[in-house]
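Next up, some structures in structure tokens.
Two complexes come next, and they have one chain in common, subunit A, joined by subunit B in the first and subunit C in the second.
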Partner chain A sequence: MIIPPAAAEPIFEIGGIAITNALVNGWIAVAFFAILALALGRMQMIPRGFQNFMEVIVDFLLKEIQKVTGDEKRARAFFPIVAGIFLFLLFSNWLGQLPGTGTIGVYGVHHGEVALLPLLRPAASDLNLTIAMAAFAVLASHLFGLRALGFVSHVSKFINIRGIFQAFKKGPIAVLVAIVEFGIGLIELVGEVAKVMSLSLRLFGNIFAGEVLITVMLGLFSFIVPIPFMLLELLVGAVQATVFAMLTLAYLTVATDEHGHEEEHADDHASEHATEPAH
Partner chain B sequence: MTPEMIITVIKGFTMAIGGIAPAIGIGIIGFKAMDAIGRNPEAAGKLFVPMLLGMAFAEAIAIYSLVIAFTL
Partner chain C sequence: MSSDAAYQRLALKIFVEFSGSIAIPAILAAVFGEWLDMRYGTEPWLLIVTMVVAFFATTVVVVRKARFYAREYEKLNKS
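Right, the complex of A and B next:
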């Protein structure tokens, strides 16, 4: 029984760039959504059938996002990023449970040893994809913050020189506080890097560990035994997609908030608003 | 003690020690959720999603040590 390696295996090359099996799964997910979009065709004012079903999903997600951001304008601005992340991750995590993923493959040389190279592998089990998505989410939050607050206000959250100048008018104690806040701002910069690491490693760890778990279970006894674990993986895939999207939404909301001290409330907002019964 | 032995032992210790705190955290979250549901059974639906969210965050720490154990 060969445990899947942490790095996704390249299965073929296009023009010198190695294409890995997780990348193939990612492309299948993108193609699925592209086909869905094309199948919608021209939108009717009164939705019927398939368009109606898609509108139910879009409306549900928009309402949930609005519960966290509060106002509708920001909800509509954040919707493409947050809902796109959620739906892509949900579909690609569930696609990873399709029978044949991780098991059907060819024998080839991988890092100097002969191993089974699966043709398909869950997209998020490749650290490249999760780091790219996490970096994109944090970068998007900064860009939205720059656009919403302006350059000086946004940078002052991290390098708070403006606070020191303002404190000179108020007195010596205010200057001391401003210097401490300057230090806190610098630590916030480290926090941004930590956000990228935690987002990416949480998703990668969960999905990759699920891959290894299913492989080991299939190695034990191929028939009835892996079923509860595959159901667990479906749940884990859905939960991780939700967590990633909700954290991205929280970062976007906090970055575009005018008053910078609402940070502690954003995470509580995100989780408490997720429970309100659908109206 | 060959290097392979040491690596294997370290892998085991990483996962074992790294799993203690998240397990306790998840247990506390579940415990408090049970408490709240016991006091107010109607709130069970409202409590479920935040509890799951909290558990996902707590579990992420265990996943970090799992990744280290796998990549050693």
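Right, the complex of A and C next:
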């Protein structure tokens, strides 16, 4: 058994495209949800059994999202993105605990030596996937922001030329303040890149570290001792899925807010809304 | 009296900050250290140096954040 390398290992090729073991796991998760959707079949007005169970999950997620956004319209608009990210990550993180992940594999060349390359590897332990998801989340927040606020208002959050023009009417001090605000806007532009970095590295780091930890523990002891670490991994998988989804939701909410472009503001809004009674 | 939502939000913040400040420096140090080693052919010493620096930085940050969030938690209990 080898300690998993940071990059996912290609196990075979289809038409020149390397298929990595992390990609296999990702597609298993996608297939799972596709089959789930097909199994639901036609929706009944009065839900029973399986559909009822699914509706409980969807309803719970929608309510949690609405606590952050504060209004139902945005909650419904963000629901597919946020709930999709959450459920996909939760399932693919937990899939990493499936017996056989990291242990069943094919023999291939690894660093010039023949080694067992695992067939399955948690999808989020590939930095390619997490960067893609984080880039999508931040990009989506900008698209929603553009749609909600309009081009000028949204771009002015980062490149605040409009603020400088408006300040000229108010006097010299206001112009000075506007120039400082312009600089802050530029810093926020860097912050957008940092968002992608921190989102993707956090998820990758936690899931990949978990995979390495489990491999090492299984290498040291075969029985009993790895169990608490596996339970820990279940917790980490759920927590990281929640964190990624909630941060995406926070970015989406802040981007579509009329004012307050700092994270702290969003939290204040969220707390105000959260303490309101549910409608 | 504060609601459960306030506690949940604090918990989520702690999850975000702690898991981030453990994972992110370690990964950046690994990438940067490997790159330095490749550049100067000093494998594996510069990687070890950057990792030690990253772990040290993480420890300092986590302890400070733990103190900060302990105070936040106390504040929530009082309000």
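By definition in this document, the second predicted complex is superposed on the first by the 260 of 279 C-alpha atoms of A that agree within 3 Å, B and C clash if a C-alpha of one lies under 4 Å from a C-alpha of the other, contacts with A are read in each partner's own complex, and residues count from 1 in each chain.
We take it that contacts are C-beta pairs under 8 Å (C-beta built on N, C-alpha and C of every residue); 3 or more make two chains touch, one makes a residue touch a chain.
If you're wondering where the values come from, they're calculated on a predicted model, not measured in any experiment.
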Quiz prompt | Partner chain(s) touched by A:V212 [first = subunit B, second = subunit C, both, neither] | solution = first
Exercise. Determine, under the contact definition given at the top, whether A:A6 touches first (subunit B), second (subunit C), both, or neither.
Key: both
Practice problem: Would you sort A:S198 into first (subunit B), second (subunit C), both or neither based on which partner it touches? | Solution: both
Exercise. Identify the partner contact of A:K67: answer first if only subunit B is touched, second if only subunit C is, both if each is, neither if none is.
Key: second
Exercise. Return first, second, both or neither, reflecting whether A:A140 touches subunit B, subunit C, both chains, or no partner chain.
Key: neither
Quiz item: Same subunit A residues contacting subunit B and subunit C, which ones?
Solution: 6, 198, 201-202, 204-206, 209, 239-240, 242-243, 246, 270-271, 274-275
Exercise. Would you mind writing out the residues of subunit A in touch with subunit C in their complex?
Key: 6, 67, 197-198, 201-202, 204-206, 209, 236, 239-240, 242-243, 246-247, 267, 270-271, 274-275
Quiz item: If you look only at subunit B, which of its residues touch subunit A in the complex?
Solution: 45-50, 52-54, 56-57, 59-60, 63-64, 66-67, 70-71
Practice problem: In the complex, go through subunit A and note every residue touching subunit B. | Solution: 6, 198, 201-202, 204-206, 208-209, 212, 239-240, 242-243, 246, 270-272, 274-277
Self-check item: Residue ranges of subunit C in contact with subunit A within the complex
Solution: 3, 5-6, 9, 12-13, 15-16, 19-20, 22-24, 26-28, 30
